[in-house]
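The following pair of complexes shares a single chain, subunit A, combined with subunit B in the former and subunit C in the latter.
Entry: the complex of A and B
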């Protein structure tokens, strides 16, 4: 398992680099990285379903939405979550995400393949419909402005750097938790379900329950990312729960490489980076994004994280050919 | 809330349903034949409207705009299916993602070519008037929409049920592998159905553009509604799409009029429930 230790070291080194470099850059970069970190928790949560359980969800933004709306409503209407009780709101957001997933999962987990895509799309649209239309609660189309960030002890999260550290810490904790989850026996059984559900059933696993629990866990992390997102973006609106947002999350996971957790983070950073930088440089930035998506799906089904493996295979193939040639020339 | 209210709302719902039938029937057939969840279907609707606008601006003919837009988008769909979707073989997730990648590309292209403004497609003056029916004035254009949808539905039904090609399509929906086995060229059927779906969606865009308007974001607004139609009715079934369209049209209209705050919820919650209980939809072919 030496290559595995290497991989962990590389991730830790990358995280350390982000932690050291980013706070010393301008506020533009800090904000960009903060947004990407908050959103990538959602993408990783989706990866638990997509990459480890084999369930492609088209409605993952709903969980981000629940966490974000809860945070925004509590903060603006009841002044909850602007002091020490921010940690309580973080818990509430996570639990709400889990609760919503527990309800939706009852309907969705029965389906598989394309039907799972469709049903999660429908459930996501339910949440969007409420966010868009339930004016008295959600502010409708305009959404809710979250003007204040929490302030507790000597810490004021209005400061971009301080807020970055918070999001970074939560991100690392989420990554660690999800990593532990997918490496656990439970995570292994999920992978077994992804590969061959019938076989797992025959082996005596309750695959429905496994998938249901994975769905709830993914929802919980979605809610968590929503809490961070509300304070990062400063506004929560139906855009956060609409279909294109769910689709974005799915594409980011696939772009980086599903079933790797870290791949989703890389995908998120690439897409956020392209969006923020390219959109200031050229008006046709969305073409680049579209072409990146299409090219990934056509030519890199395993995503960016799959590139080393593909190179290795190619290497192995050409090595094999060389050996074969040598053998052939030796015998002739 | 008197009788007139109910009649007018029902009429509006039915005419909206007629529009939804155009979008939904194509999507349903595409799913039935190819098992593809086509997320660029909303884009076809929007692009159809935009192409029609260009035709109207250059020639001034609304009548010409309808076939030109529909055929242009059908060719676009055809190219997409042949060049890109075909080579993915059977892999639902990648196909879905590919169609959404294209949806993003189309979105940007529309923004570049037709700006971000909100346009209306104005039908000829003849259709813009209202006709009195038993004391209520009904907009003629909505009557026209119902007539068009009914005519197209009838033609599709006749082709599907009475012709050899229709039988081949139905065979492919029921069991593509078996259909290939008995010598049906399912690849060609897929191509034709995909183009037909794009054609119908674009047609919907031109006709719907008169009262929905054509604007950026219309694509992803239309897409989930089209899916609601397909799912409630049942995927791959034409009659199902018609009933689904009618139900969604009515639910949408009455929902918005009676309980606006949860109107979209009342649309999508039944969709999710139906999917959970009977994934093939109310009238889907098993």
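Entry: the complex of A and C
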């Protein structure tokens, strides 16, 4: 229990540090961190499926896309979401993500393992196809420019710092909500399904419904992250919903350590750091990214968040060896 | 953990900003140019050609344009619009560049133009050719300037040329995205305006690898086939078309036969006709010198991706020179850009009042010939006709043109299909 409090304190300290340090750096770093925070909501939502329910989804970008496209279309065609009603758009984006997941879930949840992966991939590609082909609504390949960020009261989100604070706040709220969710009895039964679905069924749990609800919740957070994402770069295009974006999310979750929520955030920051920051410094950033991925899979199958656990195990092992040696020397 | 990452990178960054902010010494003014090109990913090779073209001009001038020292900063836009935006903001906010150059895809151009408006930084596009940036959307992007071309610009004279060849009915097969619509849309408008008929439009997806399902559906009564292909598609399509025993003339959008892909093509493309504002085979002293210098340096023929960036360097040289060897501020800079008149490898270039180039459009036929004293016969885009001083509207009136919607999958409508 004490180690648990300790962990929470560390996360809070890390968040506080981000909150204090980032606004005092250059505008470009603020923008990068804002983008990483917005995207990490999607990665955490995927982690609910991957890490807590044991469902590896390859279509998570679809929910980001729905949220982002909804934000862009409402803002450019109807001028909704550029003032106080931005909060309404956030709600709409979240609900649309949930609604899409509710439809897709009916098709996807019946499968598991590789089949689940394939179905979610196919469904994600449907959304991509729509984004690419429905020219009158989505702008096709060119996408939609969201030229202005919301402005309400005395707050103008066009300022990178202000926008960072907003995204940071939403991120913290999302983290807290998802954390509460996975610690709740519902979250515990999800973990039970991940470990052994049959046993949960025998115990009387409706595992299909549990997975379905988890899927919808993940979709809702995906939609929320899309709303923020649309305003980070001010452009929504089919690139946001294509397969590599889903794969990115999956890799980020695995890199940081699935089943930890925070791990996904760390993974996101590392990948964004390499891809959008290191790439401005050196041309060989892709090798670094590749090595990080390969090394993680080979040496840290539990992700970066698994490092403390592995260290502890190693220490325990060497301790064990020491005591064994001592015992051996004492008896001889 | 996140904070650790930031703590590690933060100081480097802060240091970087400070270092860039202070001019080195006061001998001559420094002009900082932010250049965006995809240097990784699917489009990395094209991106390299873009950078090479611009760098070549800079190297020729010892890294000085118009008397000013140039700080040339290349950023990788990875062929993704939102990455392009992030990198553009990095260049503007952190490196404090005076203006931006670059962007490959039309979607990247559409993503970068609003950044230029929001940050009040001039954005010069040598490649990204989306029509509306200098047409219907022009008022939204007061800091956008096009040194390259607009997608449908070469298609307007080309349609007329097709009529002159006596073609009555033409079938279009073009890549399914904005660039494909705009190139073939311009052709359709011009061809139908002089009495031709577009009898079919087929849109294979961008990454089509097998044209087997499409080729047999091409209408037998068409006099010619008009194609717009990009990337690997431009290699695959002519091969399969020839294998299917096609006897019809094949004509198409310029980048399908650009020197970027031409050396990898086989003899099946001989006789194909395309159109663009540049061909490596333009027989002028200035182009011959450019082709030879480029070939010596990079070991291959220059395509339009390199030429247009080289020419952009040429234009900036003149503009910065006129401004007295320094960056004169966005408004003055745009004014000077608009007044540019130069002789580039592609021919004479000037600008209309909508910040879009007026230039020669070449009708080019692929032929296996010897050019510029090179010993072997190679495939070249030989120029068979030149339309001088073509603007973005071609033979059409500006107002009537702008009253119609931008070319798309459904516009112009296919009146003669079926």
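Please note the rule applied: the second predicted complex is superposed on the first by the 332 of 332 C-alpha atoms of A that agree within 3 Å, B and C clash if a C-alpha of one lies under 4 Å from a C-alpha of the other, contacts with A are read in each partner's own complex, and residues count from 1 in each chain.
Just so it is clear, contacts are C-beta pairs under 8 Å (C-beta built on N, C-alpha and C of every residue); 3 or more make two chains touch, one makes a residue touch a chain.
What you see is a predicted model; the values in this text were computed from it and never measured.
S.K.: Sticking to the clash and touch definitions up top, decide whether subunit B and subunit C on subunit A clash or fit.
M.R.: Superposition check on subunit A flags a clash between subunit B and subunit C.
S.K.: I'd like to know which partner A:87 touches here: subunit B for first, subunit C for second, both or neither.
M.R.: neither
S.K.: Between subunit B (first) and subunit C (second), which, if any, makes contact with A:121: first, second, both or neither?
M.R.: A:121: touches subunit B, not subunit C.
S.K.: Quick check for you: in the superposed arrangement, does A:286 touch first (subunit B), second (subunit C), both or neither?
M.R.: In the superposition, A:286 touches subunit B and subunit C alike.
S.K.: For A:243 in the superposed arrangement: first (subunit B), second (subunit C), both or neither?
M.R.: A:243: touches subunit B, not subunit C.
S.K.: Can A:135 be said to touch subunit B (first), subunit C (second), both, or neither?
M.R.: both
S.K.: Counting only touches as set out at the top, which of subunit B and subunit C does A:265 meet: first, second, both, neither?
M.R.: Only subunit C; A:265 stays clear of subunit B.
S.K.: After the superposition on A, what does A:25 contact: first (subunit B), second (subunit C), both or neither?
M.R.: After superposing on A, A:25 lies in contact with subunit C but is clear of subunit B.
S.K.: Going by the contact rule set out at the top, does A:6 touch subunit B (first), subunit C (second), both, or neither?
M.R.: A:6 sits against neither subunit B nor subunit C.
S.K.: Determine, under the contact definition given at the top, whether A:152 touches first (subunit B), second (subunit C), both, or neither.
M.R.: It touches nothing on subunit B or subunit C.
S.K.: Which of 98-106, 116-124 or 170-178 in subunit B clashes with subunit C after superposition?
M.R.: 116-124
S.K.: From the superposed pair, tell me which subunit A residues show up as contacts to subunit B and also as contacts to subunit C.
M.R.: The overlap between the subunit B and subunit C interfaces on subunit A comprises residues 135, 283, 286.
S.K.: Which of the residues in subunit B end up touching subunit A in this complex?
M.R.: Residues 31, 35, 37, 39, 84, 87-88, 92-94, 96-98, 100-102, 104-105, 107-109, 111-112, 220, 223-224, 227-228, 231, 260-265, 267-269, 271-273, 275-276, 279 of subunit B touch subunit A in their complex.
S.K.: Looking at the complex, which residues from subunit A come into contact with subunit B?
M.R.: Residues 56, 58, 104, 106-108, 110-111, 113-115, 117-119, 121-123, 125-126, 128-130, 132-136, 242-244, 247, 250-251, 254, 283-284, 286-287, 289-291, 293-294, 297-298, 301 of subunit A touch subunit B in their complex.
S.K.: Can you tell me which positions in subunit C touch subunit A when the two form their complex?
M.R.: Within the complex, subunit C contacts subunit A at residues 1-7, 9-10, 13-14, 17, 39-40, 75-76, 78, 80-83, 85-87, 89-90, 93-94, 106-107, 110-111, 113-115, 117-118, 130, 140, 177-178, 408-409.
S.K.: Spell out the part of subunit A that touches subunit C in their complex, as residue ranges.
M.R.: Touching subunit C from subunit A are residues 13-15, 17-18, 21-22, 25-29, 31-33, 35, 135, 140-143, 145, 147, 158, 232-235, 237, 239-240, 262, 265-266, 269-270, 273, 275-277, 279-280, 283, 286, 304.
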